[in-house]
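The next block holds one structure in the form of structure tokens; read it before the comments.
Chains: A, B and C, in written order; residue numbering restarts at 1 for each.
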Amino acid sequence: MGFQLANIVLTYPNGQRALSRITLGAGRGERVAVIGPSGAGKTSLLRLLGVALRPDDGSVEVLGEAPWRLSARALRRMRSHIGVVYQKPPLPGRQRAITAILAGRLGRWPWWRAIGSLIYPADIAGAEAQLARLELADRLFERCDRLSGGQLQRVGVARVLYQQPELILADEPVSAMDPTLANLTLGQLVDDAAARSATLVASLHAVDLALRWFPRIIGLRAGEVVFDLPPVRITEALLRDLYAAETSVPPTQAPEPLALPARGPRHVATGCKSE
Amino acid sequence: MQVRIVLSANTQRFDPAARSRATGFVIALLVLWPLLVWSQFYPASLFEARNLVAMGQFLGSFLPPDMSLEFLRYVMRSTIETVAIATSGMSLAFLIAVPLTMANTRALSIARIGPGPGWRISRVLHVILRGLLVALRGVPELVWALVFVRALGLGPAAGVLALAITYGGMLAKVYAEILESSDTEAARVLLQAGSGRTLALVYGLLPVAASEIVSYTVYRWECALRASVVMGFVGAGGLGQLMDQSMKMMNGGEAATILVVFVLLVLMADAVSAALRKGLA
Amino acid sequence: MSSKAALSLDHRALRICTKCLFAMALLATLVVGSFAYLSLGLERLFTIDAVRELARFLLSFFPPDVSSRYLGKTAKAALETLAVSAVGTLLAAAFALLLALPASGRYGSVLRGATRFVLNLLRSVPELIWAALMVLAAGLGPFAGTLALAAHTSGVLGRLFAEALENAPIAPAAALVEAGASPAPAFLYGTLPNVVPQFLSYSLYRWEINIRMAAILGFVGAGGLGQMLYFELSLLHQNQACTVIIAMLLLAALVDGASAMLRRRLTSA
């Protein structure tokens, strides 16, 4: 289970390479963080894993199946087991948080339950429980356009938590939150994934968060995997190299700089699989 | 380790919006019922034998559409009459709108520039004129048409006059809005330098607002064309009067021809209007 | 500004292009031609006698008949007209929503073209002509007016709704599809919340226009204030006609107010 990518090539509509010959895999229940500068291809990678984009070349296997060979019905069923947390949650402004969260199970609900829930929410307790984990339960019935950026991101996370997918893909899920909330949210995501043995892949801009919460860090730059290591083996030199084009100091959520070994052991292996 | 927040047993939450939604729904139903009764909403009447026969006969006679030369000549004449009614009506409306606009346009009213002789009277006049325009525009042109048909008899005169009055008011309002929203700097300078109102309008405001005014007038002419057809149904001449007669005689073939001609007329007017607007702008 | 600038304005205003001259000449011939063509009919209009006749006729409308009996009759007709406009607009909105879905291209371009054609057809035929047709189909009375308004307005609203749907952001619904939802629930949860305010706004605005149309449709037998007006004018009962016209104006003002209030409450809160 989990996912398996082999020799993936993805090109942007304007011809530029988004992903070049990516080979990556993760087993069930793994937690992986993807870091890298803007434009590295993190979002494209996640969209690929979320079966929203087709690669131009290479093979994709998600949750044990090749998604693009499935029938429409089977594909829909697979997608209902994949939950995506967006950096900017695509929630209609006038919609209330409760409805937005309950929409997470639309893939599983029969049509009459979906329509009925619009008239009166079908599972207030369930939605509230997820929002309470993120300390936002008091805003359950608030309209989405009355929520701040960080609150909206938490609603997006709550939706995925409610969906209970087997594969969680989070694209910069805490970018609008302060360090305390960011850690709380990531903690909840990690707990949830662990409790259900779900695979969790998160792209993060803040390196300190990645190092703290994920046992496997993948560095992406210009569409290529630069390294694939556990946090202990990540050195400042590696990070500087990764973010060279963007900044001299690797970005962090917390105001303090990273505390890392300046130069690690010589035989660091780049791009090796974690097996 | 899992962190779960346990809700205490008595905080079962309900949707706070549910009550107002339910109330709104009930009110809507309570209002809908009498509306349906008053409008004699009775879909079954569509299937009553009497109506089905009448409709069937009429629709059946739609094909073939009447293409006899004699009738087509009638139709052609009526179409030209309709276009003439619309154009004459619009011309008169324009003639009515111009003085109304001039008197109305704040940019030229002395009141704007500052107190002086005639300032108070000017403001009162302004309010009266605005009120007059609202009254003129409030009565639908079809009502005017019916009134004029009673006063002047059947024929295009009623339609022309109805158009002139209602569209005159409409044009005046929109012209005033266009002029007010254009750059009034030039006109004000001319007024301050002592030029008369007319000159200030012509040389100061008009060049700036001309294309917008022309564009709107041509668009209104298109509407006037459609309105002329509709007014024909109450006896104001043109294509509408012909169609009314054909339908009263249950002659579907003639009605079909007229409908087709009407659609063609509207399409042509659309094209002419677009070309004029591009050319004159 | 100096007098030099004023002079330059002078020149700009006097510069006339030849194309404009040609167009204006064409316009002038059209206008004169129109008057000439109608001269037979318009002769009676432009004599002093005719103007005096007309003025006398118009003055005979005042004062309006305000007897309680007639006011009661007028009120009843006003309610009928109000109901026709409301039910007609409601039906139109429902039908328009139905047609707007294919017309926005969700089900392919063939269906889009076909429904757009139907919508164009519906709105090209003026309400009065629809009413004349509906009187045949449903008999005399306000129901024909309701159907006529519904037919014409669904064409108008259908196109507006379709455009709103086309311009609505696709991200919310797309995200739900990615999470495994079928197209219909994705639409209801993702796209609809974004377009509902516009739908309500267009429909309520259309109601303001329809109340004026509903009043007139009675001219061809669709009941309400229009039928009363036609009747009174045929019998040359000017005072009664005046009452009916005033009722029309008041009804229009009432609906304008109601529509504005509803729009404020339903689209912002």
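Criterion: a contact is a pair of C-beta atoms (placed from the backbone, for glycine too) under 8 Å apart; a residue touches a chain by one contact, two chains touch by 3 or more.
These figures come from a predicted structure and were not determined experimentally.
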item	value
Graph class of chain-chain contacts, one of line, ring, star, complete, other	complete
Chain centroid nearest the full-protein CA centroid	C
Rounded Å distance, chain A centre to chain B centre (Cα mean)	55
Chain centre separation (chain B, chain C; CA means) in Å	7
Centroid spacing, where centroids are CA-atom means, of chain A and chain C in whole angstrom	51
Chain C: positions in contact with at least two other chains	none
Residue ranges of chain C touching chain B (in the complex, touch as defined)	1, 3, 5-6, 9-10, 12-13, 19-20, 23, 30-31, 33-35, 37-38, 41-42, 44-45, 50, 53-54, 57-58, 79-80, 82-84, 86-88, 90, 124-126, 128-129, 132, 136-139, 141-143, 145-146, 212, 215-216, 219-220, 223, 229-230, 233-234, 236, 241, 245, 248-249, 252
Touching residues on chain C, where the partner in the complex is chain A	169, 171-172, 174-182, 184-186, 188-191, 193-194, 196-197
Partner chain A, residues of chain B touching it in the complex	1-5, 7, 12-18, 21
Interface residues, chain A side, partner chain B - complex	96, 98, 119-121, 124-125, 128-129, 132-133, 137, 140-141, 187-188, 191, 195
In the complex, chain A residues that touch chain C	50-52, 76-84, 86, 90-95, 99, 103-104, 106-109, 111, 114-115, 118, 163, 165
